[in-house]
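Chain naming follows the written order as A, B and C, and within any one chain the residues start at number 1.
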Amino acid sequence: MNNILETQGLFHDFSGLQVLSDVNLHIREGERHAVIGPNGAGKTTLFNVVTGTYAPSRGQVFFKGRDVTGLPPNELSRIGMGRSFQITSTFGRLSAFQNIRLAILSKRGIRFSLFRSVDKMLEITHETDAVLERINLTAERDRAANALSYGKHRALEISLALATDPELVLLDEFAAGMSRDETHYAVELVRRLTEGKTVVLIEHDMDVVFSLADRITVLHHGEILATGTPAEIRQNQAVKDAYLGDLEV
Amino acid sequence: MSTVVPRLGWAAVAGALAVLPAVVGPYYTNVFVTFAIFAVFSVSLNLLLGYTGLFSFGHAMFFGAGGYGTALALKHVSGLALLPAVGAGVLAAVVLALVLAPIVVRVSGTAFAMLHLAFSQVLYVLALKLRAITGGEDGIGNFPIPPLNIPGVASIPMKDSPQNFYYFAIVLLALSLWLMWFFTKTPFGQVQLAIRENARRTDYLGFKVPQSKAVIYLVSAAFAGVSGSLYGLFHNLVSADGAFGALVSFAPIINIMIGGIGSFMGPVLGTALFLVIEEVTSRFTERVELVIGLIFVLGIMFAPLGVLGTARKLRQKWRADREARASVRRTA
Amino acid sequence: MDQTTAMYVAQGLHGLAYGMVLFLIAAGLNVIFGMMGILNLAHASFFMLSAYIGFQVVSITGNFWLALLLAPPATAICGVLMERFLLTKVHAFGHMGELILTLGVAQIILAAVKGVWGTESLPLKMPPILEGRLTLAGLDYPIYRLFIIALALAILAIMSLLLYKTRLGKIVRAAVSDAGMVNALGINIPLVFMLVFGIGIWMAGVAGVAIAPILTVFPGLADQVGMDAFIVVVTGGFGSLLGAFVVSIIFGLLSSYGVQFFSQFASVLIVGFMAVVLAIRPNDLFGAKDA
């Protein structure tokens, strides 16, 4: 059993404020792993360090066995890591089609192509349309991302992270701001789209966590409090204390 | 059917351009050449501004480099042919862009704009002060303008033949325009747009943003160089003011603002309109600054999207209104 | 001191005087950018406008001191009007909008001064008291330039006092750091902005009247001195008043000694200096204030 993602002794501080302390994360290949914790626990910072937004103050990140500490996001994307954002971050004035197409172009290594007309690249168009179909955005194909309804915009957001076909995808509160129904729908979407991939998700919604996660890591004040299966975490006293019993679902 | 109409349209335009000198006479032919030069220059800036979101106040740098490159090449290399001379101008602009690229692609927004203002000032001062090379305030004038040599076919004189020069310039400029248009239609053109919309996400999707910006920067500079080179040939004079002066720096921005930033042809329309405004107001006042200033101030306050942009917004609004009314009728 | 040393010292004082004037302009620009994120491209134009208004006052009253007293506030009012009625309308378009707007205003001011006063160089006579030279230890130096240095230092002292010893100053410093927070604390941020903007332009206005007797009043003033001030702000670091001060002095000295010994390359040297600084730390300078 391989750890597709590992952090060793990860520390990070912002101008003296210690946000991550000795974080040793082990993500197994193929699993769906949730990272939970109260606000300010350091979850997004962990994501940022892992995905290359910034290099950690101390410690290392290993991806597929290779030390990738401090590599920039674009390089990590190219070696198989994808990431979605809690606050929707798409290409606002471009259409849903153009948004996804960019991911497909990158996946195919077409990043500096200057001599062909992109609209005439039928394979790209077909592949993009296929993705749009899988996320039910075919009707909104030519609508600007900013003009999509919230739920569909979030679907686009998640899909952008997945369209480059990464082996590991990090989803930051993918269901943020969604209603009950929208969340159920989103969970099914994520389950479908991440078949065969490894997923790490930051989540607040315990319904989502327990529906999707194989294992859970609890972060508190920048430290890992516990790691284990949902059942184990439910029983864990330290976790319960930290959350004041909020884990009861 | 769908490709026939546009093709007919372009054929008509080509035809009109072919007979223009005969129809409008020498004065307006020259005005048209000026228009074409500045249209290409403005579109080249729009590649940076409208398509990539990089705002440069000093695009005149590359225009001037093109002019000086060509003028110096013709002055010092005896027997240099016409096209290579233009090439020298383009090369000068591209080299300049290569030198600046490492700095400018790592900044954005205000920083980018101000850096360019500063750099173009540097070049202006250099052009003025390095008299030995650039001729200082007087510039380089009366350099030889070779004929256009099509080997085995013809040698078309350019120097005192405004008509020949017109055709030469128009062909080169139309080609430039088409190349830039094609550039925006490539996969890389999509990356440009992505950078404009969300540079961070572009990075996360696996694209190398600084390098991509550099490519766009070079392409934009090259075409500014073409227009600058032709401008120098057109006047048979390249000088600090004509190449790097404030008007040259502001003109493309004005043209883009008037015509509309979000479309390819917007700057072309803006160039035409601004030329008309200039012609008209110059009969009433010498105060070019006033006109420019008012366009900037009133434009950004009341019509920031320019003519085409505002037109598009209005059209969208009408369409949305129509849809709203239609849906009310349906549910009634 | 001997002749050569005296010459060096004199050149140094020339440079110091010019540097001080630059600082007066740069300081305002700096604080405005630091607090509002606006690079006011019309700043130097207001500097020039004040010189012209000063000229007009002297033409009418023959009194330099009156010009120094009245022209800067008059100019400051124009500046505040621009900020209130024009700048606020273009915030939605971000920095590009502000740049274009202030650029437009700069052009309009240029057209206005040309229209009202023509394109010739106009003299502004310094007050009789300040004419003449001071002889000290073998150095023979024009009093007026010493006056400029003293004036600038006095304003600097007053501003520092205001900034560091008064409640208002504390508010302004906080606003430069985090305007949003200060606003959240219930302080009328637009009013603070207006005040700071006004004072910044006032300082530029004082600089305009002060340097007019030396440079004369002409339409190219804004471009000439403005470029220098801009270079100072950029290399000194946006938001760093001390940086701007140090660079102003260096700049003044460079341009003064440069003119003496490098003649035509002085300006190239200076701009080269800026390019080098920018090449080394472009993000440092702009990073904090960039979107």
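Structure notes:
Methods note: a contact is a pair of C-beta atoms (placed from the backbone, for glycine too) under 8 Å apart; a residue touches a chain by one contact, two chains touch by 3 or more.
From a predicted model like this one, the values you see are computed outputs, not experimental measurements.
Common neighbours of chain B and chain C under the contact rule above are absent.
Of all chains present, the one whose mean CA position sits nearest the global mean of protein CA atoms is B.
Farthest chain from chain C (centres taken as the mean of C-alpha atoms): A. Top-ranked chain pair, ordered by C-beta pairs in contact, is B-C. Here the CA centre of chain B is 34 Å from the CA centre of chain C. A separation of 42 Å divides the Cα centre of chain A from that of chain B. Averaged C-alpha coordinates give centres for chain A and chain C that are 50 Å from one another.
Of all residues in chain C, none touches two or more other chains. In chain B, there is no position where the chain touches two or more neighbouring chains simultaneously. By the touch criterion stated above, chain A contacts chain B in their complex at residues 51, 72-74, 77-78, 82-83, 85, 89-94, 98, 101-103, 105-107, 110-119, 121, 124, 160-161, 164. Chain B makes touch with chain A in their complex at residues 182-183, 185-191, 193-194, 197-198, 200-209, 211-212, 215. Within the complex, the chain B residues that touch chain C are 55, 57, 103, 106-111, 113-115, 117-119, 121-122, 125-126, 129, 131, 246, 250, 253, 257, 287, 289-290, 292-297, 299-301, 304. Those residues of chain C that touch chain B in the complex are listed here as 37, 39, 86, 89-90, 93-97, 99-101, 103-112, 114-115, 223, 227, 230-231, 234, 264-265, 267-268, 271-272, 274-275, 278-279, 282-283, 285-286, 289-291.
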